[in-house]
Amino acid sequence: MEYRIIKSPSHGTLEILARRKGSGSAVKLEDIDAIGLVQGRLIEMVCAADVAEKTVGVTVEDIRGSCPQHMIMLAIFGDTVSVETALKEIQRREKEGNVEW
Amino acid sequence: MEYRIIKSPSHGTLEILARRKGSGSAVKLEDIDAIGLVQGRLIEMVCAADVAEKTVGVTVEDIRGSCPQHMIMLAIFGDTVSVETALKEIQRREKEGNVEW
Amino acid sequence: MEYRIIKSPSHGTLEILARRKGSGSAVKLEDIDAIGLVQGRLIEMVCAADVAEKTVGVTVEDIRGSCPQHMIMLAIFGDTVSVETALKEIQRREKEGNVEW
Amino acid sequence: MEYRIIKSPSHGTLEILARRKGSGSAVKLEDIDAIGLVQGRLIEMVCAADVAEKTVGVTVEDIRGSCPQHMIMLAIFGDTVSVETALKEIQRREKEGNVEW
Amino acid sequence: MEYRIIKSPSHGTLEILARRKGSGSAVKLEDIDAIGLVQGRLIEMVCAADVAEKTVGVTVEDIRGSCPQHMIMLAIFGDTVSVETALKEIQRREKEGNVEW
Amino acid sequence: MEYRIIKSPSHGTLEILARRKGSGSAVKLEDIDAIGLVQGRLIEMVCAADVAEKTVGVTVEDIRGSCPQHMIMLAIFGDTVSVETALKEIQRREKEGNVEW
């Protein structure tokens, strides 16, 4: 998995992500303080999405348009501290491993 | 093949999977206790789907990737014990090998 | 090429394949005793489809959804003995080689 | 590039190819004696199509893979001798190299 | 990541990019002095787009590849000095690394 | 990058290219003396298209259908001498390198 953070994203960057998000729900573009990006294989991304969703204060979207096709990207929108918390938690969980049955 | 399990999945995670599932049938999102994820090649996924379908108490969905025509992951919905049983059975069958004619 | 056989396939497995088959013609799902699966490159699959089609008692479908895109999958529907005969014949022809001009 | 020839192709094999061909023009399925198949990269396929088109007695079709926008295989329809002539000429031209400016 | 710059782009080149851009907004083709091109993985492209957007005097577009759902290249339109400034800034940020939480 | 030239292209070859070209504009198929083909990554192709467009006497089209998806192909239509001039110029510019800011 790969991680990036964009602070004070430009309007154009938010629009590129908005055009490619999977859900129809509208994230209010003007309220975004930071974007966390996570790219990896589909199975990892679904787990990462779940970890991020359980973090307070962020909105999670899956973004279309990765190449090769078994890779996808998550965008995590929110205030800088919340986005950083979500990214750290995804990294922590990835290191621990997820399979436990 | 790769395996993950998500316990008490968030609403957003269920929605990401719902948007990408192949079938039109609606899994009731509020009843999901756990999700098993299995990623691999198409021929492996079809065999794994059959093994999972024969497990009591789970619902199996094929999940698309970036291209609508690709099926690259299985999601197995159900209570935690049933999902774990299905994942274990898929792993056991994979080790044994499947070809027997 | 890779081969699998599913005996007494579940209803859900048949539906995953039915959703992804290339032809519009309806295979009667309730009559299926076994499914043979063959995955490989497009050129191999067309030859394998021809071998399978010439076997008595099976129906052959090309299945969409492989990744990478130059790979496709065939599903061979029929009674167990016929499906096994078709798969063995495909393997035999593959070993012999096909080019003979 | 890879080459195969199918003699007396089954009806189902012709239908798989018919469903995936690029052109709208109808090859009469009942008249086909043999099919030559050529798989390779796009730039090679376009050159091979031109060589085949200049062979007497064959019809050339470009065949799509899983994604509708991909052309990954040529099918050359005709009587056995003409199809073999076209395949041999494609191989001869490939060995000689094509670039000559 | 890979970088190119096209000075005084031809009309046909601008049209190829216009046909493949993600946004609906029209860049005035006649006003373009130079085009900067940046190709890389999706997560890198989104960060590069944000860096370019924060440069004065350029317009940033995401460019699709063969599949409509893929974004694989950025085109940065503007006067030569501004495009060069944007490309240099993207390179500088890439070397520094972007992750800082 | 890879290069090919087809002299006196057949009608069928021109039609395969015509079906896959990106622009809606009609190249008059009957007037084509030679076709130059160039295959490579998207960023290289956009630069090559610009070089070709600046050559007198040729028409440049981007052709869909390459696999893998980050590869595309250009077709350069014209009289043999002009097409050869365009291909040589693309090769010369590729050797020199393009980045100069």
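Labels for the chains are A, B, C, D, E and F, by order of writing; each one numbers its residues from 1.
Here, a contact is a pair of C-beta atoms (placed from the backbone, for glycine too) under 8 Å apart; a residue touches a chain by one contact, two chains touch by 3 or more.
To keep track of the chains, here are their UniProt names: A, B, C, D, E, F = BMC domain-containing protein.
What you are looking at is a predicted structure, and each value in this text was computed from that prediction instead of being measured.
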Name the chain whose C-alpha centroid is farthest from the C-alpha centroid of chain E (BMC domain-containing protein). C
Please name the chain that ends up farthest from chain F (BMC domain-containing protein) once chain centres are defined by their CA atoms averaged. B
Please tell me whether the contact surfaces of chain E (BMC domain-containing protein) and chain F (BMC domain-containing protein) are same or different in residue numbering, using the over-half criterion. different
Could you give the separation in Å between the centres of chain A (BMC domain-containing protein) and chain D (BMC domain-containing protein), each centre being the mean of its C-alpha atoms? 45
Mean-CA-position distance for chain E (BMC domain-containing protein) and chain B (BMC domain-containing protein) (Å): 39
Could you please state the distance in Å, as a whole number, between where the Cα atoms of chain A (BMC domain-containing protein) are centred and where those of chain B (BMC domain-containing protein) are centred? 22
For chain B (BMC domain-containing protein), write out the residues touching at least two other chains, lowest number first. 65-67, 69-70, 72
Per the contact definition, I'd like the list of chain B (BMC domain-containing protein) residues that touch chain A (BMC domain-containing protein) in the complex. 2-6, 9-13, 15-17, 19-20, 35, 37-39, 63, 65-67, 70, 72-73, 75, 84, 87-88
Residue set of chain C (BMC domain-containing protein) touching chain D (BMC domain-containing protein) in the complex reads 22-23, 41-44, 46-47, 49-50, 53-54, 60, 62, 64-67, 69-72, 98-101
